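The same chain A turns up in both complexes below, where it pairs with chain B and then with chain C.
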Partner chain A sequence: MVNRQTLPTVIQIPKVTWVVVLLLILFSLGSANFFTLNNLLTIGRQAAVLVIIAMGTTLVILSGGVDLSSGTVMSLAGCVAVMSINDAGLPVPLGMTLGIGSGILAGLANGLFITFGRVPPFVATFGMLAMAQGLALVLTNASSQVAPTGFYRFIGNGDVLGIPALVILAALVFLFANYILYETAFGVYIFGLGSNEDAVRRMGVNVRQCKISLYALAGALSGLGGVALSSRMSTAHPTVGLGWEFDAVAAAVLGGTSLSGGRGSLAGTLVGVMLIAVLRNGLNLIGLPSNWQHGVTGVVIVAALVIEVVLSRRQLQWLGIEE
Partner chain B sequence: MEREPIVQMRGIWKRFGAVTALRNVDLDLYPGEVLGLVGDNAAGKSTLMKILSGAYIPDEGQIIIEGKPVHFHNTREAMDMGIEMVYQDFALCNNLNVVSNVFLGREIRQRLILPILRRLDKKAMEKKTVEVIKELGIGVKSVKAKVENLSGGQRQSVAIARAVGFNAKVIIMDEPTASLSVKSIAPLLDLIQRLKAQGIGLILISHRLQDVFTVGDRVMVLKGGENVGVRNLHETNMDEVVELMVKGFSSSESGGDRELARVYSAELSHKER
Partner chain C sequence: MESKIAAKALIEAQETPVHWTSILAGSSRLIALVILFIATSIVSPHFLSVGNIMNVVRVASLILIMALGEMVVILLGEIDLSVGAILTVSAIIAAGFIKGEATGTGDWHYGFGILAGLATGVFFGFLNGLLVTKVKLPSFIATYGMMFVANGAAIVAMGGYVIYGFKDDFRFWGKGFIMGIPMPIVLMAAVAIVLHFVLSQTALGRHIYAIGGDRKSARLVGINQARVTIIAYMISGFCAAFAAVLHVARMNSAEVAMGDYFLLPVIATVIIGGTSLSGGRGTVPDTIIGGLLLAMINNALTLLGVSSQWYFFSMGALIVGAVVIGQLGRAVDIIPSGH
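Let's look at the complex of A and B:
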């Protein structure tokens, strides 16, 4: 991990890890069913899809951009995959590939808007949020699509050697994203763009190509996440993904990734996702009415963010890094 | 000088809309020479160097590197020909370490089919960075340190290492002393001497004439986008150079050159019509 060697290890563990630990303890005390293998596997499944899309979101934020379209692109990809199998009669693997492909196309479009269209990432991907949502609604005529049985549903619900297939998939995505970020030149450019885009350009790097590839990668992961979600729920619904983009950005920021780019880690995002997943699951198990859950989740996320930001700043000041 | 120039720029014109930034500018640079490039603000120094480094494409004119005409479309093409630029702001990414900055855009990668997935050869890059830094005798404690933890002088060393590390023939330094503390200037000028001794041609864009006079061999003065004079530094003095920068001609004793300046401006005003 080239980029993290010189900072003391304390900085590398996101502060929210302690919040996750605290939540685990509180929920274990609050409900006998919480800290059981079965429930932990359920949390894993619930977290897995968010891990998949949040990896893409984190890479984009590290480069100084943002992707607000991940949620609705998930909806679109799930619908494309299920409909191309159910209605067009394509084989399951091909349908899934098409679903992921629709995510890649959406990501490519984001990248083109941002580079050639010179639209700020916030605006471009916000536009894509609406476009992908619209397309999903039109394609499905606003109705849910029942996912095919067999392999399609196995991804979201099956186990391999006792481990949920979805968790394995998320782990593979996590490892892949880490490889890209820390072992390839592309990863260096992602960090570089987030810090000094002009410097990267002046050193002869094709910045446009870099950004287009990056948004396409994020789109591919949103597509994969969408297919996985429709598999887990056995249904592709055209509005199911709306709001996931928010969780993905929150997970990244909770994990210590700076919204201004250049700083953060994928491992941090993993912790951020765990926080969100543990919170949702735990609130359910302790019997908080669902009408209250949204508000409480929001309060905990904001509180965790404040802790993260305040502590990080203290630490940076103490180390003399922050001016 | 009978040697062949390493860089010849001939009749360079560059316009930005209604503004003419460069008018028929010539430039010669010889191997192992330090050429000071001076002039007031908006004289065209940066524009000329951006053309040489591939960032701008000239409207007219020719660039000849080691006798071969070249047409750069981007900075990468110029870098591949051994023309490197050390930017005034160093063009570093503060969140990356020294190795990543030195190799930014030119990473050593292991073989794999898809270019985007090719793994970085971090060991080879580290080794090379350590070598270059040792060779230059510049003080950077660890090549794995992030640039944000380095001092201004060290950051500049990283920027210079990046320029030197890839078989540079020409190094352009844009205001290298502008952002340095007084005590870091002497080591820099010393480093310039050593690069010069290696046969590298250096162009020094500088406001500090004393630096140009300390390490330079020749000085070229731009004013209003025109080349108003080239002098051997041992045949001129600061007053004359300043006069050239301000007035565009010199009235001092070196008569032949005064004549040249007049010829230049006459020729140009003729061309304007």
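Let's look at the complex of A and C:
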């Protein structure tokens, strides 16, 4: 079992950190507006929602699973929250809780499909991707819902002591996920499930319960991310989240998490998210024509993935951990 | 037929009792399709008309052409997330050549355009294959990146315009009929027959199943995994580009993001068709049943006056349901054989 204790510290730093640093330097040279406090806070705000859902996705991938439903569950949660406040007249905090609750329910369903239905995680969460997308469309009749003003929009757009509330929320989620992964028995089981599930089962751990809790946690984070996104955009749109699930998985892999589970870190995922966010913001600021941005983003992400995956494999081979 | 007899003999030789639930689960998709067919024709009088049935199959054909290519990749235990984006970029290249906008020389013969579109799809498939086999990126990640690159190439090539208005000789490929059967169905059947032949009768097909079934053994017996994997991705890219040409001919236009919609139904079709995502198990006929099941549910919802917004939900339920039922059959298969 490869875990962080057995690896030298240098391997835990994702290689793409240097890509992020390089991008920061290039964009600072390319645009005077890039390396300003204001723009860095904007990048933080743009990255925050992806950080929230990518934390859940990373925990799931570390356990040897995958969560493809995070994006559409985000859409669903935003719609549930906004509609329960606007149309059902519930108080704002209760509406937000319901939104997150819908995420937890979706995650629980994922966990049940995977454990009791014995459906592979990829298929179960892909099914949930479609189901959550369908429910969001049915619920809203495929129309955008304007988010309530006041506290609801404060989450996504307000500041606390000059720091965006969304960044603070993402930071809290990051700390919480790290606490779970490194300070609790549950965290040990997550790494264990990803490295050797049979061994964890033989230790007497209730693997089913573990997996169901894990997917429910990921669902809760997707729900929170969905509420936060609808707050930031002042609108809940039923298809807004589609595609975010791939971004979240890519961020995790960019940060050095292995898709076969058992190896990776949450800090790495944070770096992966920063790479995506810095890239999108910077390409815009240096004035690259919008036609080119999509393709350039793709090429840089693929290049970064190649660097990360290939260099990590080399290092592990050198250490004799992988053949 | 012969293979069925051989399979039966094999089972008898092993003296493994075939439990009835296993037989039921094995053909569960076909049974579901028949039940749905009968139920819908009872509930809705409009369903059982030749026009409507043709329509259901025609809608399914485009997705099925892509799904059959995707299935070949999934048989290897890999995945191709870029099929929708490959459809977009191939459609735009094909349309650009047919209208002569790519060369500025006026209309070319549409055949060159079709070839250019197909070549684009095969090329992107080849790149996918290289990333997966030579750079050894996980296929999920490699094809996810390729999705951006292909979409980006389409946006750069188009610059936000729409190419529309094609001549009738080209549009025949999407709109025409052969002996009363819509062209998309004819061409889907052609793709299905060729792929079924390749998978069941050729060395390439056996190698694909071997790699997907047991990667290590396949390597030990000397199968060139990289070559087979690259070919599989090229098949998937070809199928996406083929669907792109038919789509352009039918819609009479090509534009950016036109393929985005297809990724979910394509993967859903393969899964509902019972192909195992870990590779090695799945067939062309099963995938076709999966595609028909998905299209028929959509059609039934429309005919019964249910909001089309339920489409995605029923797709998700079908995915999970199909796999759960498939697992029931396998459990019965595995337990008596003493594992």
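Please note the rule applied: the second predicted complex is superposed on the first by the 318 of 323 C-alpha atoms of A that agree within 3 Å, B and C clash if a C-alpha of one lies under 4 Å from a C-alpha of the other, contacts with A are read in each partner's own complex, and residues count from 1 in each chain.
Assume contacts are C-beta pairs under 8 Å (C-beta built on N, C-alpha and C of every residue); 3 or more make two chains touch, one makes a residue touch a chain.
Keep in mind it's a predicted model, so treat the numbers as computed, not measured.
**Q** If chain A is used to align the two complexes, do chain B and chain C fit next to each other or clash?
**A** Pair status: fit.
**Q** Should A:Val309 be classified as contacting the first partner (chain B), the second (chain C), both, or neither?
**A** second
**Q** May I ask you to name which of chain B and chain C touches more residues of chain A?
**A** Residues of chain A touched, chain B against chain C: more for C.
**Q** Does the superposition put A:Asp198 against chain B (first), chain C (second), both, or neither?
**A** After superposing on A, A:Asp198 lies in contact with chain B but is clear of chain C.
**Q** In the overlay, answer first, second, both or neither for which of chain B and chain C A:Arg263 touches.
**A** first
**Q** Classify the contacts of A:Thr184 with the two partner chains as first (chain B alone), second (chain C alone), both, or neither.
**A** A:Thr184 sits against chain B, while chain C stays out of touch.
**Q** Please work out whether A:Leu137 is in contact with chain B alone, chain C alone, both, or neither, and reply first, second, both or neither.
**A** second
**Q** For the superposed model, what is the least distance in angstrom between any CA atom of chain B and any CA atom of chain C?
**A** 6
**Q** Just to be sure I follow: which residues of chain A are touched by chain B in one complex and then by chain C in the other one?
**A** Common interface on chain A, chain B vs chain C: nothing in common.
**Q** In the complex formed with chain A, which residues of chain C make contact?
**A** 81, 131, 135-138, 140-142, 144-149, 151-153, 155-156, 159-160, 264, 267-268, 271, 277-278, 307, 309-317, 319-320, 323-324, 327, 331
**Q** Tell me, which parts of chain B touch chain A in their complex?
**A** It comes out as residues 55, 74-76, 79, 85, 87, 89-97, 99-100, 104-107, 109, 116-120, 122, 142, 144-146, 148-149, 162.
**Q** Would you mind writing out the residues of chain A in touch with chain C in their complex?
**A** 113, 117-120, 122-124, 126-135, 137-138, 141-142, 246, 249-250, 253, 259, 291-299, 301-302, 305-306, 309-310, 313
**Q** Under the touch definition given earlier, write down the residues of chain A that touch chain B in their complex.
**A** Chain A residues touching chain B: 2-3, 5-7, 179-180, 183-186, 188, 191-192, 194-196, 198-200, 202-205, 213, 262-263, 321.
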